[in-house]
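Look for chain A in each of the two complexes below; its partner is chain B in the first and chain C in the second.
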Partner chain A sequence: MAVATIPVRRVLSRTVLYVVALAVLALILVPLVYAVLGGFRTTGQIAERPVGLPDPWIFTNYLGTLRSPAFWRQVWNSTFIALATTLLILPLSSLAAFALARYRFRGREAIYTFFTIGLLYPVVAATLPLWLTLRDLDLLGNPWGVILPQVAFGLPLSIVILRPFFRNIPDDLEDAAIIDGCGPLRFYWHVMLPLSRPALSTISVLTIVGSWNAFLLPLLVLTRQDQWTLPLGVNNISTQYGTDTALVLAYTVLSIVPALILYAIAERHIVSGVTSGAVKG
Partner chain B sequence: MASITFENVGKVYPGGTRAIYDVSIHVEDGEFVVLVGPSGCGKSTLLRMVAGLEEVTEGKLYIGDRVVNDVPPKDRDIAMVFQNYALYPHMTVYENMAFGLRLRKMPDDEIDRRVQEAARILEIHEYLDRRPKALSGGQRQRVAMGRAIVREPAAFLMDEPLSNLDAKLRVQMRSEIGLLQERLGTTTLYVTHDQTEAMTMGDRVAVLRKISHEGESNLQQIDTPRNLYDNPDNLFVAGFIGSPSMNFVYGTIQEENGKLGVKFAGHTLSVDREAIAKRPSLSNYAGKEIVIGVRPEAFEIAQAVPNATDDQKMTVKPQLVEQLGSEAYVHFEMDSPPVITPDIQELLEDQGADEETLGSVTKFTARVNPDLAPETGQETVLVVDTSKLHYFDKDTGTAIR
Partner chain C sequence: MSDEALAAGVASRRPRRSLLDSERLLAVGGLTPAVVYIVALVGFPFVLAVLMAFSDVTVGDPSLDFVGLETLRQVLEDPVFWRALRNTLFFTVVSNALVVILATALALILTKDFKFKWLIRLLVLLPWTTPVSLATISWLWTLDTIFSPIDWVLRQLGLLEGNMIWLGQPRLALASVIIVHTWRIVPLAAVIVMAGMLAIPTEIRDASDIDGAGFWRRTFEIEIPLMAPIIGVAVLFGVILSVTDMTVVHVLTRGGPTNYTQVLASWAFYKGIEGGDLAQGAGTALFLLPVLVAVAALILRFARRTEVL
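Now for the complex of A and B:
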């Protein structure tokens, strides 16, 4: 009997594992699938028969969205803001983390703590002062009014991910690089950055996706309709065509597709980047 | 190529800790000098000072005729091999070797020529496109050597390059590095804590130790391996060099019935007048207690030395006999308090022991003919070659000459 109980237990724990995993999967997948399929129905069909495959398949919602210049305008705006944010965060956070990880100087830990405190600071709480500052700087109605605050709010997490990563690069490697003829910047460029690729891609993906999905800041800053990002567009569509559920669903699905693709490609990097920083740090 | 000269070099860390004091070493052009000593003796610090990775705070450091105290590492024309190889993980073997040359803006065809040549010498051709991760320890070691060779530097600096290899590979690489250095004729400064490595590889060996009191240099003695072994300047060097290490016992030298004898732990052995005459200062110590040093190979089983006289023999009871085939080690104890001086304590510390482990008796090791090795516990007569004894002042630890 004792021999038999072990496999039984294993089967049981396996089953529990699968049930939990499937439940979580369903939790994420059901709304997504519902949205994707809903886009292929008419609003009438959604009301009549919300489950099952669309019958017949309606393509006008998706095609209409894809043909709309406003949608593409928003795709471009979102892309520009996401890329600009990332391209600023990568050099800034890695240089800061490099200095904080590899050099001893007075006040180093204080500066690092200051950065980490930024993690605790919610954007929402900063709304009013931020808006006032942006107004004074004349950045309202300007994509840079979104990009710069996003960079500022993104730096803490990036630095916290990168610093342990940089710290774990052995000192001997730095010595070898110095003897090979590297100064600090060449060491950073030729050795540190290539070795930190997993961490850097993690930061890129987190930043891009975060920026892509950002709603509050763009809403606050981007006043002109031609500057809107996708989440603002989605919001606008759903208020404007609130009754046309199918169109709203199609628009929403199309707006998250790029972020979804990016996640799918970079998922492995994200996991390895976050964990290697965490475990070794 | 160039010589390396330490001129009264010292190092005090910003916190005020002193690591190095008054070290003067001249490494000839093309010479292979090994810095050896227990951990914390400053050997790596000295090497890193030559590399420019540590600041020289006192004295002058020359590479060739040039004082390099304030010259940045990249302009010192030296190459370094690290203990853990320090290869760039994201570069191939080829790129690892070429990296330093690329930074120096060397033309690509010259880089290629040098890398291929180094790969040929080190027999790492087939690995050139691999990443370090895909190599074994020995192969990584070769790549690290290759990275140094391609630079064609004035000097090689090697920081315990073999200590991460397993014992067999270490012996093999030891001779390979030796041959390579001879072939290239590049001045080499080599750091190790392994005295066997030091003795086998160095043209000359510098024995270093931690500074224990103010005004004392880290450098204990620098000489050829043979001279270091035969004429150690003090107890520290005598105890550090040689394996198994030299036996020490308190004893006296005195004249009885017109015969010169050395007396220790109840034994009296006659000493050749000539051997004593070579050490004129010894006459000042007549009748006074000194430390007598006996190398394990100064002993032999009596049967192996048919013409030995009785006054060269001593009877011992082995506690342990280690049979190695090529030789045998006989461990025995003598009824005399163990020799404890600051030098000995430091050596014990390095072995992770302290004076407690010595107990209240003097432990000796004799190296004898394996064919005649006794059984453990079996009373054995040993002959001592008293011309090979070493004598030290028991207070200062310096050799009496």
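Now for the complex of A and C:
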């Protein structure tokens, strides 16, 4: 009896699985596919028939965006802010995580808890005082007014990811290094950092993508149009050229592309890095 | 066994003592920059936020004059505040309920073997990388009053005449915000649940196979109960994302129609920055804290008990 029923049941449950998977997948992809294809239409075509492949394919929206100096300025602004944030986070978080992972001292767990709580404290709740503080420091209308707070809000996550990684590096290595006459700082620099390259690149990718996606902080701080990052630019285009849907969609899609490429390259890495930090600890 | 003993022996003979002082120095030196930095740019604004809620500070007059509970009273008197509070809770509960169902289903599927799994995995994770603001703009056009492809399909199917006006009607606008939130959180939640699922020892699965448990029984009576803690973690992350988010509401509806989809974070922003009344904005944002503290406490408890994090 079992021999006859099991394959049938298996086929059935498989089918159900695939149907659910495809349904969820479709739901996830609808707005993205719509935006990509919409960029290849004219606004008239979108109004007439927004579903299906464009006919004929129109390239002017994408090409026009790629030729626009405003777009490239925003790409540069986003890149600069993302890189500067990452370059500040890497040394600050790795030093702190190193101290938290390798040394015993009173209050260590309390400090670690402090970082974990910082992880949960969102930019939104701090928006208004942050804005006031940045205004007092004369950092409004200055890219560093975005970079410096971003580093502060990014540090906790980086430390929480890095500490378990540093911890898993065997003590024997440190002993060997010490016997060879290597001080703690040299151990950190010559042994820990090279061995932690996977974790460090996870952090870099997360920071870059996070910064690339940031909306609220740039919206508050970057008052001058030539300082805008891509999300601000797209938001502005979307309100300003509200009638030219196709152009807005093309601009939006092109703004997503850089983060997407970075992510596609590092996907395996991020997922394993995040989950090993989250599950093993 | 002998290796372990050897390692223990080596460890006890470590020349730690001589380095103790410099180690302490290093620990302090390594931690200080990060701690000072976070205190200055996260801790200080936090304290300032609380102080501001008890003052009458505005953009025009940024001096902190304390007025006691007057500002909070004004915040609480505004009916929009109560709607924002209700919406925040409503959005969070509904979208996270949807997230649990969809993310668990996705994770169950993505841990099975089938063709093109890598491609599907990559696609499923797309919304996680797509900037929230940009993705929301894509949604904005997908739900557009005139151009919405959803309306178009419904019209072709004969289910609709004219347009849905997704973002212009209170109920549909609420639904739209929930859809976008769910859409954005599901991938991250699925990744977390997936990781938890892969951590279930294969022996358990094999044993249930031998005992004759079918697919559904195995899923619902063994895998899902075992994953409960990790699903909990995914939900907590989802809750934080949805409680604190204002980008989706700002881009999609700007809180409209007529403040119908306002949430605490967006209301604080409109009041504080656009309206210039920093004190009332800070007072509004203050009400995010109890939720966040509760969530933080839950996460820490979860993390301790299940040894995640």
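As a convention for this text, the second predicted complex is superposed on the first by the 273 of 281 C-alpha atoms of A that agree within 3 Å, B and C clash if a C-alpha of one lies under 4 Å from a C-alpha of the other, contacts with A are read in each partner's own complex, and residues count from 1 in each chain.
Just so we're on the same page, contacts are C-beta pairs under 8 Å (C-beta built on N, C-alpha and C of every residue); 3 or more make two chains touch, one makes a residue touch a chain.
In this text, all values refer to a predicted model and were calculated from it rather than measured experimentally.
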Using the touch definition from the top, say if A:Leu132 reaches chain B (first), chain C (second), both or neither.
second
So in the superposed three-chain picture, is A:Arg186 touching just chain B, just chain C, both, or none of them (first/second/both/neither)?
first
Under the stated touch criterion, which partner chain does A:Ile178 make contact with: chain B (first), chain C (second), both, or neither?
both
Broader residue contact with chain A after superposition on the shared chain, chain B or chain C:
C
Would you sort A:Leu216 into first (chain B), second (chain C), both or neither based on which partner it touches?
second
Examine A:Ala110 and indicate which partner it touches, taking first as chain B and second as chain C; both and neither are also allowed.
neither
Going by the contact rule set out at the top, does A:Val8 touch chain B (first), chain C (second), both, or neither?
neither
Jot down the residues of chain A that show up as touching in both complexes, chain B in one and chain C in the other.
172, 175, 178-179
Any idea which chain C residues touch chain A in the complex?
7, 10-11, 14-15, 19, 22-24, 26-31, 33-35, 37-38, 40-42, 44-46, 48-49, 52, 57, 62, 102, 105-106, 108-109, 112, 114, 120-127, 129-135, 137-142, 144, 146-149, 152-153, 156, 183, 186-187, 191-192, 194-196, 199, 212, 214-216, 230, 233, 240, 244-247, 251, 265, 268-269, 272-273, 278, 281-282, 285, 288-289, 292, 295-296, 299-300, 303, 307-309
Would you pull the chain A residues touching chain B in the complex into a rising list?
170, 172-173, 175-182, 186, 190-191, 194-195, 197
Along chain A, where are the residues that touch chain C in the complex?
2, 9-10, 13, 17-18, 20-21, 24-25, 27-32, 34-35, 38, 46-47, 49-51, 92-93, 95-96, 98-100, 103, 105, 108, 111, 113-118, 120-133, 135, 148-149, 151-153, 155-156, 159-160, 171-172, 175, 178-179, 183-185, 209, 212-213, 215-216, 220, 230-231, 234-235, 238, 245, 248-249, 252, 255-256, 259-260, 263-264, 267, 271, 274-275, 278-279, 281
Using the touch definition up top, name the residues of chain B that touch chain A in the complex.
48, 51-53, 73-74, 78-80, 82-84, 86-90, 99-100, 103-104, 147
